[in-house]
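Each of the two complexes below includes chain A, the first together with chain B, the second together with chain C.
Presenting the complex of A and B:
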């Protein structure tokens, strides 16, 4: 409960000291938790992280994955991460910036990874997501398709899928769709 | 004389309550006819939000004797608000909610002065919030609550024994409604759990897997989310979706309806589209009235001490029968937002590198592998390598300089705390105070630590 006589004093003091302090920035709880996630990152050799807005904006960053095995060996794939002020209550927004022929990534860069949506939990972290993304390249999965054509080819004809991936990564057409070079 | 009789008659019951002691009054209660005039003269109350709850709150508070109110809201009045946001009329559609709400309450209730602010809560400088003694929240989002909570708790100071200093405490009363359900809670930063201490109370948002939306939609909501999350980007390359743009919403509705037809799914309507995309649950006027009444009463109790406070979280559920429950949640003593943090006194000459060494040996921390952040500036990051390299030059600079020569302030550190096998990764708040600075006299530090 408020002590009214103290309130009186405080309001008088405030009136006297108006315009005393420089404006300061408020750091959200989400930013602090993200600071912890980032400072504890333990990335595999195949993944690197970059901060396009400099060292003081951790809320927007890019992760580059260069798979060292599987269909996507040799390719370079860039993901953008956008973190909300109420992270980790809400999952990061992740998009694939590299156009890729992949059953679980559509041509707009949407990614079907369970922990980014329905299975996100606040105990998960940025490291978990990056490992999850890496996993998509070593083991693409035809059961959760976002690119149904690619998923069908992977399921029915893995050899053809492999050559389609190669062609797309080298810069070329798969069917009607052109993919820029990413190797 | 006739005038003063008329005035006293309006708050007659309140006057009686505040002029006499009772068995349930708080420790600070002063039975006095001055209490009500002090509230009118000195107490500043901020109402955040002028929507369903905000309209009720302004009316209730003004009728409870609060005369100096301010209200902040970024929205304009829409036709769909009019059924429950009773301060607004058809001719007000398109005007700022805060402005109209303030005007209507002042017209109806003599002597009340309400300043309005038509802007985002983040647009106001932190000092704007300093003059308020009590902040009453009528909001509909976690983000906004979390922001106001961080601002209010940011004013809280602790003495050298880690006890909160009362004059720096900004009480919050938070109301929320969702259809037939609602909550009211009292937050006394430093004494009762803050919003961040109990953020886990909020259920996670329902998010459908993208591949379900893309491949196997089964419900009307799936069709709407497909149009909203996938189809929009396909068609409007680069242009982001704005939920407040009517054309955008209409486009999503039309696309969702097409998809529903394709898959033989019933139930896609324009209002459901709005509901799913903006996460809207139909608002019930009576729920707002009940929650607002509870919040206003708690505000009066905080201001006057005339009775015990709600301790500290009321839930109301009118879906089947009527259930209410009060739960006493507990503080997270290590809360980054409202907790005291670990007090550390330093010489102004200490470099960042030396500071990191001090944390390693500090008996309350034993912190290794440290990264440090100060008001959004990352002073040192031990990982990833790209950030380590960028922040390494700071190691040889004095912490006092890195903190813009601020004599005392909060910084946050992450690292592994504890000794030997018990090491645990953690994020800690530190209250850094520089010793031996000329001209610095701090009352709360006078006792020393």
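Presenting the complex of A and C:
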């Protein structure tokens, strides 16, 4: 009986709030779609997702990739995702928060991945982007570079590239540039 | 959501099972049932005319719109009611989307929009 009254009071309260400003913000179409993407995520064991702002802010999150093969085996790389309210009509904004020696990621964390730019289409989802990012670590690509030095080394001297990556991931200098440890 | 349409005898006779409000080729709708029912007038006990009632759903190959991921039998996230207010539309490549979803995408792409599924040039199926 007491509970029933409490519910009624709460309803009244909500109704009063509704007269002023809307009490709950309506989910945007972008949020709705993102919600579906996240509930259908099917990530490889090497990738994890986290919501640093809690469940009220799904539009900003982080993805951590720990490659299990290739040049970057053993490293930990964190990416920030920023989803626009008009998602999926606009691609998520993805930045690499870990400083990395990589031909397709520059030292500011900008990522060169076709599906994040010219080849984005709204049937893609968060899962495909994460697989795309993972692919960058297993198959770095010297064509279309964001870090031209790293790309040139990868093209001309893969052995040197491998040792440069090892040195950068262990925390050290490649040329003049210092890379913090990420293994 | 299934949509029910009421067909009077005349419509049934001359335009079999054609949704009167939305003129789509019949191949794009899937009729799941056709029933006949008799209605009674409120105060009189007598039967009135027979009515044919058909229910239909969209006959797309997928269940959900690739853009918004909402059910084709539902509506796009900007609409409240499915059916005529939030129709499906097919491209020349035979991929279907909610009309509102694909329009948003096509209008944001200049000069030429491509199908979000197959990247072929987007053209509405004539």
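In this section, the second predicted complex is superposed on the first by the 161 of 183 C-alpha atoms of A that agree within 3 Å, B and C clash if a C-alpha of one lies under 4 Å from a C-alpha of the other, contacts with A are read in each partner's own complex, and residues count from 1 in each chain.
Quick note on the criterion: a contact is a pair of C-beta atoms (placed from the backbone, for glycine too) under 8 Å apart; a residue touches a chain by one contact, two chains touch by 3 or more.
Computed from a predicted structure; not experimentally measured.
Superposition of the two structures on chain A shows chain C clashing with chain B.
In the superposed model, A:181 makes contact with neither chain B nor chain C. Counted by residues of chain A touched, the larger count belongs to B, out of chain B and chain C. Touch criterion met: A:58 reaches chain B, while chain C stays clear of it.
Touch criterion met: A:29 reaches chain B and chain C at once.
In the superposition on chain A, A:93 contacts neither chain B nor chain C.
By the touch criterion stated above, A:122 is placed in contact with chain B and with chain C alike. In the three-chain superposition model, chain A touches both chain B and chain C at residues 29, 32-33, 36, 89, 121-122. Remark: chain C residues 66-70, 76-78, 101, 104-105, 108, 114, 116-117, 119 touch chain A in the complex.
Of all the residues in chain B, the ones that touch chain A in their complex are 26-30, 35, 38-39, 42-44, 125-127, 130-131, 133-134, 142-143, 146-147, 150-151, 154, 166-167, 171, 196, 199-200, 202, 204-205, 207-211, 214-215, 229-230, 233-234, 237, 301-305, 309, 336-337, 371, 373, 375-378, 381-384, 386-387, 390-391, 412, 414-415, 425, 427. By the touch rule above, chain A contacts chain C in their complex via residues 29, 32-33, 36-37, 88-89, 121-123. Listing the residues of chain A that touch chain B in their complex gives 1-4, 6-11, 14, 21, 23-33, 35-36, 38-43, 48-51, 54-56, 58, 84-86, 89-91, 104, 106-112, 114, 117-118, 120-122, 144-146, 148.
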